[in-house]
Amino acid sequence: MKTSTKRALSGLAMTGAAALVLAGCAAAPAPEETEVPEVDYLACAVSDEGSWNDKSFNQSVYEGLEKANAELGVQISDAESASPDDFAPNLQAMIDASCDVTIAVGFNLVAAVNEAAAANPEANFVTVDGWSEGNANLKPINYAMNQSSYLAGYLAAAHSTTKVVGTYGGMQIPAVTDFMTGFYYGAMAWGADNGTDVTVVGWDPATEKGDFIGDFTPNSGTSKSIAAGQLAADADVIFPVGGDQFGAVSEAITEAGVAAVMIGVDKDISVTSPEYSQWMLTSVEKRMTNAVFDIIKDIAIDGNAFNGDTYLGTLENGGTALSPITNFSGDQAAIEAKLQELTDGIIAGDINPLG
Amino acid sequence: MKTEVTPGMFSQAEIAVSKKTPIVMAGFTAIVLVFFGILGTGDVVVWQFTKPDDTFALPDFTVASNTIGLIIGVVLAAITAYAFVLVSQKKHPALWLSLVFGLLAVIALLSWLAAGNKVQFAFILSNAIVLAIPIALGAMAGIMSERVGVVNIAIEGQLLTGAFLAAVVGSLTDNLWVGLLAAMVGAALLSMVLATFSIKFLVDQIIVGVVLNVLVLGVTNFLYSQWLANDGKNANFPGTFPIIEIPVLSEIPILGPALFENRITTYLAFLIIPALWFFLFKTKLGLRARAVGEHPLAADTVGINVARTRFWWVTIGGMVAGLGGAALTIGSVGAFGRDMSGGQGFIALAVVILGRWHPFSAGAAALLFGFAIILRIWANQVSPGIPTDFITMVPYVVTLIAVVGFVGRVRAPAADGQPYIKG
Amino acid sequence: MKLELRGITKRFGSLTANDSINLVVESGEIHSLLGENGAGKSTLMNVLYGLYTADEGEILLDGVAHKFSGPGDAMAAGIGMVHQHFMLIPVFTVAENVVLGNEPTGALGTLNLDVARARVREISDRFGFDIDPDALVEDLPVGAQQRVEIIKALARDAKVLVLDEPTAVLTPQETDELMEIMRGLAKSGTSIVFITHKLREVQAVADTITVIRLGKVVGEAKPTESAADLASMMVGRAVDLEVHKNAPVLGDKGLTVTNLTVVGDRHDKVVDDVSFTVHGGEVLAIAGVQGNGQTELAEALVGLRGVSSGTIHLGELDITASSVREVIDAGVGYVPEDRKKDGLVAEFSIAENLMLNKSFGAPFAKGALIDFANRDRIADELIEEYDIRTPGRDTPAGKLSGGNQQKVVVARELSRDLNLFIASQPTRGVDVGSIEFIHERIIQTRDAGKPVVIISTELDEVAGLADRIAVMYRGRIVGIVDATTSRETLGQMMAGVSA
Amino acid sequence: MSTETENRFQTALKEIFSTSATRTVLSVFLGFVVGAIFMVFSNEDVLKAAQYFTARPMDTIAASWSAIADGYSALFRGAIYNYERADDPVAAFRPITETLRFAAPLIAAGLGIALGFRVGLFNIGGNGQLMFGVLWATWISTRVELPFGIHLVVAILMAILGAALLGALVGFLKARTGAHEVIVTIMLNYIAANLLTYFFREESLLRETGGGGTPKSDAPAITAQLPKLLGEDYTLHLGFALAIIAVVVYWWLMERSTIGYRFRMVGHNPHAARTAGINVERTYMYAMAASAAFVGIAAANQALGATSGLSPSVDAGIGFDGITVALLGGSTAPGVLMAGLLFGAFKAGSAPMQVMGLSPEVLGIVQGSIVLFIAAPPLVRAIFRLPKPQKTTVLKDLVKRSSKGEEK
């Protein structure tokens, strides 16, 4: 079985071709020693529609696999789905490849992965953002993204000088609006705490109306125009929940000539895409990478049995969290303390991030 | 005795004039009067013509939404009636009448949508223009190649190539001009493939176009996922061209900021559209190009090299489309994303036909699409409530109505899509 | 300028269109190239004009060998050509067409159309053409378009002018005028190659005649030779130029057209208050210069074009508002003027073309299915009966020669049970053998008691076939006269003078 | 061997090499070569080895070879027969059934687009028609209760009818107003996609019962699902049989029936068709409806072949793939069948290729290249130095016969 590490090829085709010319005369290497001993465990993943490089949840899962490969020495394999038609065949390919665990990413795969789990009781599956229909060999991973988004909303309102903050989504689906709703109530909470009116543009959880691109195309002109519209409505913090929209938002900010910032989603964008760090306030992390890594480690290394219990990522277990704050306008220590207080409140159940 | 025959040698017959235009107008008038006027709300709408920081700030115009609906509805009814009278007198309603009608209807629509809110006119206009640029440039590429008789289905691929190369080369070299050049050269190379296959190998032009789209999508997706996504900072962070304010002109009230505070990509489009018109209709090269597109054999018999003419017009068209692609990235959002042209090349194809292979009309049609996109975004922001899926449909429905109601049968260059085989 | 062709050979695949042709045209000479349709005249001229490259042989101008890689070279060397199918861009103006490829320009390559207009006016005045330089070519009648072609050649200072079948679209008077122009040009030193298959014109204008047949020069002739001799040289056997027919036996009224008015594409009355009757057993020929409404009249008769006013009756049946299919079902056979465009589907086999307008029922269809057995049987019969020269019924019609294509159309239309037969330019672009055959068939149809309408611009054909002749001018029928009317009178009528 | 037989043999060989069948095979081969190039250049081992190419060139070559072999053997395992699972016949033979399953909608949609091409219409609107068909079929399959058997038939018919209606609309607008079908179909693609999303989003319309805000439908009722053809072990369902029936119907319609004859007539020469008494405008309308009806079979396949709820991306781009399939298949029934099977194999083989670490885009590139090569016979001939198509003796005979005739 081949160990797939295609994502490590950063400079590929073009640089590769250049390398053939430029570096073709390098000395031949001595046989390499692998740093981590290989483990006889195959972890696999099937993506939701879209690629592994979506700077969003697909990518987070994939990085979990890569981390497991690099640090634990497990072998990994993967398949991207171009359309719903590919879900079942991709899962089947993993079963055929005798994967020890197969991670199905995304709510859309829930039906396919449940079918696969039922048909292959000897294999183990994980569904991210999905649920198990009574299959003991299927482990759901879910996230309460509204919790960290609540913190983001609170922080955004604190940061904002106009006291107008904006958010918009890729498509109007619960996986997206969960973020936006938490954000909304977080911002409102800051307003209530400080006796100031805060306006959230782009989403109203009461009427369930808001701004959506209509798809998850990265950095489209539509996305930029939505951001521009929110900036024109005086928003100075923008929270785009639609994968990689940071190019579009940062350009809208630059163009509007205002000192606005944006909030990342799923991963710590300041780290993963440092080119945008100058505009980032923080990011709302969905730490699938760790969840995936932990599950693999638990079985492959620690030798525990696979279980079908649901894993829910929360602030409490660190499955979701706010990234380190950058570019904050006010007293950062004070707001960090306040956010910690809110975190404790949410964990304790005193604060409901959904209103 | 001379038997000279001249145009109009036959006595003129009574012309039957289609009632299509007034009927469509009547439909729109009814919508404006009933929905925007009679059933509209009395909430005020504020028309902001200028931004507060503009040199010549115009005062905001505040009026009740349904009042505008009623007033415009009545005016539209008058125009419709006039159009009916014209048709009954066997006269064609002039184009300007339709344009005025459309403009008024749009004002009514905006006022209805923004009831209780603001119409930021400058924002809408400038966004419409920026969103229209890639479509317009794609359409110019389409016009250039179809005017010489080569159907260009590959506009989508050309836009995508331009967008990709502009972002990547712009990032790697840290020079947007080099990126722009790469986009134009890359798309031109793609066009050369189209030209070579259709002119030299006589492959069905539609097939080549479809295939090129598939290939470009495949290759850019491949490179994006294998390379750009992992090394965004170096390979996919080009930034954008600075916005240049043209002195004096940008201070014209209302239109100034929208037209003259733009990026170089937009200005280039402003230049290319009239330049293309000029070249097509006022120069030797244009005359020859059109001759090749209408009747290649006739062009050949007067010593015009059909293959060469087609090749270069298609290729240079590709450069224009490449520029359009660059406008998607370094002229707007900076970074490249998978499939980011998202069907705009096909819209451009529609714009070519809608604009009847004429640069100005096509430019206007492209603006219609740009306007429709921003209308959806803006309408959703000022008056959330209309299902987003429906608003998304608006540009396409509008185009359909325009094609069916106002454009109808169009006359393509006679040899469009015809390979020229020499004996 | 003296033109000399030596051993020109041009092959298309295995077909040799020109077989080592030698030709000498002296300066200031009108040299007629006589040959049947498909004899290779046009191929030869296209080689001369650089449109085709000869496989062998050379072209000499004033003794200097030239190699043309395109028409541009030929034009630069002083060769001008007026093609049989006009090489004009319909949506361009006259001036634009004339200067195309040779444009007067200002700064930045800007077109200087004033210069172009002046050039058109100048040449047009010199020859009395009266052409408006700003008129769109598509708006011009065919005769005027031809003059634009001549202006185009002259504007390029052509020293050798090739005219390919130039008289097909002209009235006899216009033909005479054209011949005057040719003589004038020749006198001023221009060499003229005059390609035609019309013996009368050759005899009238040519200084020298070269006859070619099946791609080979078969001999030179003097214009003084008799038409019969020229014809037999051209065809390779003795030709009977007369159409033999008996006096008509008139039957009932077949076709009655009353006050018919038809509006054309540009909203003008292309058929203007036309009335006539055709009896069974009679051939009515509609003569006239091309573009005077005959095409539209035919289209109106068969339902292809709407009628503004007036009526068309077939016997007692009113077919004024009938669709094409209803007209076909009423038993009207129609040979359209442009067989490639309207009469045939080039990609279809002969068998498929023979059922083109009969696919709705027996014998070609059985329910929703094509009755292949019947189709093939009928096709074989018709190929035999109409002497269609083809390897088989499955050969695509586009691969046939013009004459055989026309036979396919005629066979299809005549093989139905007809109540009326309309043929527009039935022998245009057809070889002599096929012309004889088609004429014979038309007369047979007449003799079977059917009403026949022939629309033709060829006076010979009109005179040969018709029992009565209706002449159209500007959409009106100038008069309906007896078939024995003199050419001169007919010519005047074609120019609008009432008989 | 006598010289005569040798010559004949050579002639025969030449004719074989100039046929379109040979060219098709070679084009497919070339497409795979292009794909191989991409595989090599995206392979990590190859790139590593290439760095010391001069020192040890065999490493690069070996790595390249193994990259290509790994890739295409994975395609074979995924699309035809999984020899790695030879122990388990079900798993071993599953790939070929998956190929057939994926091919079914491609074939049906390909036929639809092909029909348009034959009538001279460019139907870019396959995707929209497919979605519209899905909309209707899903309404029947999730919102209407009907007895077993009837339910499925009605749902299939509604998919076809729905798609055909949208196609007929295009034809109607073209016939009535002269609107260009390319614009109209492009616009209707967007409109249908948004309409379907709207229906899947609204609870009162088609949204799954108890679902959240995600636009998604219920699974089709069990009575409306396309039954499995080979038992529960394989997912191959009746959709493939429908596609095969569609191929036969298409062949019958286009080659045997008078309607198809008139379709082709209009496609080749609308002027001659009009003169022959055909109502060309109406023919366009019927043809667009028929074209879309075939796409509707693909819609039935997508809507009723699923066992779980549908999302708005149910179209899977099949309407656009259908264009490539139609082009590759030369718009003939057998051609489209073969092209659909080939592309179905690519879809089925995609997953195992990805498992081998290959980028799924490579197959898209292979597909595009194949069509390009197929479309450009001179290019393929130039690459393989094939002889030009031989003029058959038929033409020579013709010339002989006609010249004899002239001289008789």
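Read from first to last, the chains carry the letters A, B, C and D; within each, the first residue is number 1.
Definition applied: a contact is a pair of C-beta atoms (placed from the backbone, for glycine too) under 8 Å apart; a residue touches a chain by one contact, two chains touch by 3 or more.
Because the structure is predicted, anything quoted here is derived from the model rather than measured.
Farthest chain from chain D, judged by C-alpha centroids: C. Taking each chain's centre as the mean of its C-alpha atoms, chain B lies 32 Å from chain D. Distance between chain A and chain D, defined via averaged C-alpha coordinates, is recorded as 36 Å.
Between the CA-based centres of chain B and chain C the separation comes to 44 Å, rounded to the whole angstrom.
With each centre defined as the average position of its C-alpha atoms, the distance from chain A to chain C rounds to 75 Å.
Residue positions of chain D with contacts to 2 or more other chains are 38, 42, 201, 359. Under the contact definition stated at the top, the residues of chain B that touch 2 or more other chains are 221-222, 225-226, 392.
Across the assembly, chain C contributes no residue that touches 2 or more other chains. You'll find the chains touch as A-B, A-D, B-C, B-D, C-D. Every residue of chain D that touches chain B in the complex is listed here, in rising order: 38, 42, 122, 124, 173, 177-180, 182-184, 186-188, 190-191, 194-195, 197-198, 201-202, 323-324, 327, 359, 361-362, 364-365, 367-369, 371-372, 375-379. Touching chain D in their complex are the following residues of chain B: 20, 197, 200-204, 206-208, 210-212, 214-215, 217-219, 221-222, 225-226, 343, 346-347, 349-350, 353-354, 387, 389-390, 392-393, 395-397, 399-400, 403-405, 407-410. Taken in their complex, chain D has these residues touching chain C: 256-259, 261-262, 264-265, 268-269, 271-279, 391, 394-399, 401-403, 405-407. Interface residues of chain D, counted against chain A in their complex, comprise 38, 41-42, 44, 47, 50-56, 59, 70, 77-78, 82, 84-85, 91, 94, 98, 102, 201, 212-215, 219, 235, 302, 306-311, 313-317, 347-348, 350-352, 354-357, 359-360. Across the complex, chain C is touched by residues 1-13, 15, 282-288, 290-291, 294-295, 297-305, 414, 422-423 of chain B.
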